[in-house]
Amino acid sequence: MAIVLGHNQYGKAEIRLLHVSRDDATHTIRDLNVSVTLSGGLAATHLTGDNTAVLTTDAQKNTVFAYAKEYGVDQIEDFALLLARHFVESQAAISFARVTIEQYPWDRLGGHSFCRSGREVRTAMVSYDGRDSWVVSGLRDLILLNTAGSEFWGFARDRYTTLAETTDRILATAVNARWRHAGALTREPASTGLEWSGPGWADSCCAVRELLLAAFADTHSYSLQQTLFAMGRRVLDGRPEIAEIRLSLPNKHHFEVDMSPFGLENAGEVFYAADRPYGLIEGTVTRDEAPPPGKAW
Amino acid sequence: MAIVLGHNQYGKAEIRLLHVSRDDATHTIRDLNVSVTLSGGLAATHLTGDNTAVLTTDAQKNTVFAYAKEYGVDQIEDFALLLARHFVESQAAISFARVTIEQYPWDRLGGHSFCRSGREVRTAMVSYDGRDSWVVSGLRDLILLNTAGSEFWGFARDRYTTLAETTDRILATAVNARWRHAGALTREPASTGLEWSGPGWADSCCAVRELLLAAFADTHSYSLQQTLFAMGRRVLDGRPEIAEIRLSLPNKHHFEVDMSPFGLENAGEVFYAADRPYGLIEGTVTRDEAPPPGKAW
Amino acid sequence: MAIVLGHNQYGKAEIRLLHVSRDDATHTIRDLNVSVTLSGGLAATHLTGDNTAVLTTDAQKNTVFAYAKEYGVDQIEDFALLLARHFVESQAAISFARVTIEQYPWDRLGGHSFCRSGREVRTAMVSYDGRDSWVVSGLRDLILLNTAGSEFWGFARDRYTTLAETTDRILATAVNARWRHAGALTREPASTGLEWSGPGWADSCCAVRELLLAAFADTHSYSLQQTLFAMGRRVLDGRPEIAEIRLSLPNKHHFEVDMSPFGLENAGEVFYAADRPYGLIEGTVTRDEAPPPGKAW
Amino acid sequence: MAIVLGHNQYGKAEIRLLHVSRDDATHTIRDLNVSVTLSGGLAATHLTGDNTAVLTTDAQKNTVFAYAKEYGVDQIEDFALLLARHFVESQAAISFARVTIEQYPWDRLGGHSFCRSGREVRTAMVSYDGRDSWVVSGLRDLILLNTAGSEFWGFARDRYTTLAETTDRILATAVNARWRHAGALTREPASTGLEWSGPGWADSCCAVRELLLAAFADTHSYSLQQTLFAMGRRVLDGRPEIAEIRLSLPNKHHFEVDMSPFGLENAGEVFYAADRPYGLIEGTVTRDEAPPPGKAW
């Protein structure tokens, strides 16, 4: 029974890039964290140390910087598409590339001054196999909290269940959402890699954000699972370009402090915000006729 | 030569408290991280394990929660004053208390829905010795960046200096600012601990923030030290209630990527955002006749 | 085209548990971080907020603590097996459970005194679907460094390749290894869940660690990929109970500092340890006739 | 009332340096994190942006690397002394330097292979004012735990005290210890900066570690304060070269899980390890005739 190499991949992770557009007196910035993952015919370097097929991770880093210069950086989905296609099409050994980008948001203070907004991080994960491309957009660390409209009761009870039922609890989470854009892009021979730009990744992302916030805020919740599904459904209802959304929602517990030992009544006013453990609720909301995910995830 | 106990202090650190005001249909929240430090006649517990004088850190935690219930939480400086005075005045052994609070900002989504803004953290550090109180307010992790208006040249050169002079660099920092309010408060016998509320801690903090941002954005900078002093002076110029401000400014280096090996010219467009090492510029800006700091820091 | 619920799961994450065995004067401790993930017939809570099928994450946490009391904690694989089986077999709605445990190592100072060793973390991930169990053991954050015996040359060159070839570099990584034990366990009706304890998870893990260290240290490396495969092969060669090992190896770059500007020659003596970006090399080493992985991962 | 510049300082923080000694087939490594802080006549750069007196933080970084090459790195106290003296003596504007170093420990696997031990970090903080030097050595993140021999009772009780007294609790902490070596070093005109090497920083540090561990393990504790003083006294008793030790001990709470709802009795076997809040006990143990600390801290 021989020992063999299975799935393998490599790349450069966490390339921290700031791009400045100086087209006029008003500068525009993009603050990114780019990671590249490549796979393909890489058995030789594993088995014998023959690196003929290895594009160095240092060159991958250089490419990210050079492409930012050559093509600029507008929407992270487009920038990731450009990079993913470059690696597969320029390297004979590479049959699959995934480029993942995080974008940190900044507010404008002036023509060339900026303040990090601290809001959630926007993400893109683009995959390309030499024929099709898949685009997954997302938001990470979008922290939400409701002080009313959340109940939790009627759950299963076993020997180890001590939780009291409640019709009024704090519901708080840090949304990690990723949504798959409908359908793979099949590469046209003469395409520039920018053919998806039309409808607007930025508009789509902004709209998804608003839908997520609205659904969180106005869903009367009987479980975080219910809120999760409501958020996902709201997004798919509102955005036909999205085939599927995956949500990972930690339940950031806020426990009402028992003040009876001090002779005080705590009527939902003072809570202890716990770190660990935390509930973790994860789910996918999709369309029943959505195109297959292929290699998107 | 005997071995003796020197300075000592103890307390409960990082009490994570969420306070909800439900006075009407529109809820208001305060999201705090409170730390208490006490000192005084605590030799016995160190030397013999006699805990007669020790108010447990668990009770300190309970007090923070109970005070939030009993007095509500509006401005963190007031809440810290109340707590600091309580510990000193209620415990014979405790002669000095310091209460430090971090406040995390939230944006409103609806009457009882909120989104963490991710902006900088507001801080307060209040000290009380049984007679006087000192209040230090602050902001932490206010991340700023200028893409123009920053030069650095004419510096000292020694054998190990290789840095090129520049008349155009990225200037980026994460402001950690703390400012001391003028004068200690001397405790009036019948005071409630809230006598400073009048002028408004919130207004003061908000104004300091705007002054810091404006000075960062509109100072043509020849060094981060110059920017630091300009920021501090702007605050003192604009806010007479502030005696002194201390700024700690990491120089978050952004290095222009050399693209000459790729046959490209990088005209201030693409930068590598470095993590470590980083410059760290720290300084105090004060008034020449400021009241002495006492035990404020 | 309807909007539907896709894959979903939930559980309690990061339950920090310390177990103390006090059987005699010499205490033994287990310091764990346990996470539970359950899935099954949970559509109702998502779609309508009907929680009838939901075993609360609070009860899951309680169960972890109670099982530590009732059954003790020896090997984390066994403890995870017990828990995974309990959740599936006691809850009609739950058809799949995964229990993930991290164990923090401590050194003994005395009969009841311990010092955290700070060595790598031992991990276990156990999955159970009501019939079969899968066990994946692992080590995380095992940081290794070679100052000799590492070359990197002969790699592909493109327009963006500037890296110099080298026959002597620092090779450093933080090993994240997970290995799948051969074959699923099929549940015997009367089994206790402990039937795998015989050969010894601890012995197996300890042996894998030694094999990983030895392969890292004595492989003359032409690429980190080659080292990865050598480490995996060494483990499979030495441990027949292991079907497959997955290695994730960040290339923790150490760059030789150029001292020519100071008139000094740096002959492989002084390095700058970089944080980001980093290479990330990942691969699986397996047996060509290994049993299928099923739901192990 | 004029606005003036107060105390200020600057430097390069977190220079990550790996030094390899290749004197023979058996390599030796030092893995350091070095931070430099300088102060002196730096008003001009703050007030006008005149950088004539500013040694760049980039040059400081280069100096740390170059000195590692020129002088090697053995004990971190000596390396910090060399650097601190260099900056003050070579720069007219600099009147005070502080060099802080963290050293990460590695275990040897072979002649040129190493495994990060993960044990506590060794630290040094050296200050020099052009005449005197002060040396503070330390250990950070030395995590200790006793499962017996710890009581806590007889403490003060107020309205907010609910903690139960106990004669058997878990006592756990992460020791952050810094100790000042007796007396400032007065610079001899012809000294090399290495005159303190004789007795051995490494021996001293190793001995302090053993004394701290022994005192933690064998002190029957009635409070963490008592344990703190016992640890400090043990060190001063055993090491005449040390004038003063400062200990910062977080009380890493482990709460016994109440299992009565499950019909189980938890006899000190199962604990929940809490993250926040935590007690924080800090104290200095010194000699009554210790030389004054000067600018050591």
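Chains: A, B, C and D, in written order; residue numbering restarts at 1 for each.
Operating definition for what follows: a contact is a pair of C-beta atoms (placed from the backbone, for glycine too) under 8 Å apart; a residue touches a chain by one contact, two chains touch by 3 or more.
These numbers come from a predicted model, not from an experiment.
*Asks:* Which of the two pairs, B-D or B-C, is linked by more C-beta contacts?
*Replies:* Of B-D and B-C, more C-beta pairs in contact link B-D.
*Asks:* Indicate whether more than half of the residue numbers at the chain A-chain B interface occur in both copies; give same if so and different if not.
*Replies:* Shared-number fraction above one half, so same.
*Asks:* If you average the CA atoms of chain B and of chain C, how far apart do the two points sit, in angstrom?
*Replies:* 39
*Asks:* Can you check how far apart chain A and chain B are, centre to centre, with Cα atoms defining each centre and the answer in Å?
*Replies:* Distance between chain centres, rounded to whole Å: 32 Å.
*Asks:* In whole angstrom, what separates the CA-based centres of chain B and chain D?
*Replies:* Result: the chain centres lie 24 Å from each other.
*Asks:* Quick check on chain D: which residues sit in contact with 2+ other chains?
*Replies:* 16, 62, 66, 159-160, 162, 261-262, 275-276
*Asks:* Applying the document's contact rule, which stretches of chain D touch chain A when the two form their complex?
*Replies:* Touch list, chain D to chain A: 159-160, 162, 261-263, 275-276.
*Asks:* Spell out the part of chain C that touches chain A in their complex, as residue ranges.
*Replies:* The touching residues are 1-16, 35, 37, 42, 45-59, 61-63, 66, 90-91, 93, 152-163, 221-223, 225-226, 228-229, 232-233, 236-237, 244, 250-251, 276-290.
*Asks:* Quick one: in the complex, what on chain C touches chain D?
*Replies:* Against chain D, the touching part of chain C is residues 16-22, 27, 29, 31, 62, 65-66, 68-70, 106, 109-120, 141-149, 170, 213, 216-218, 254, 257, 259, 261-262, 264, 266-275.
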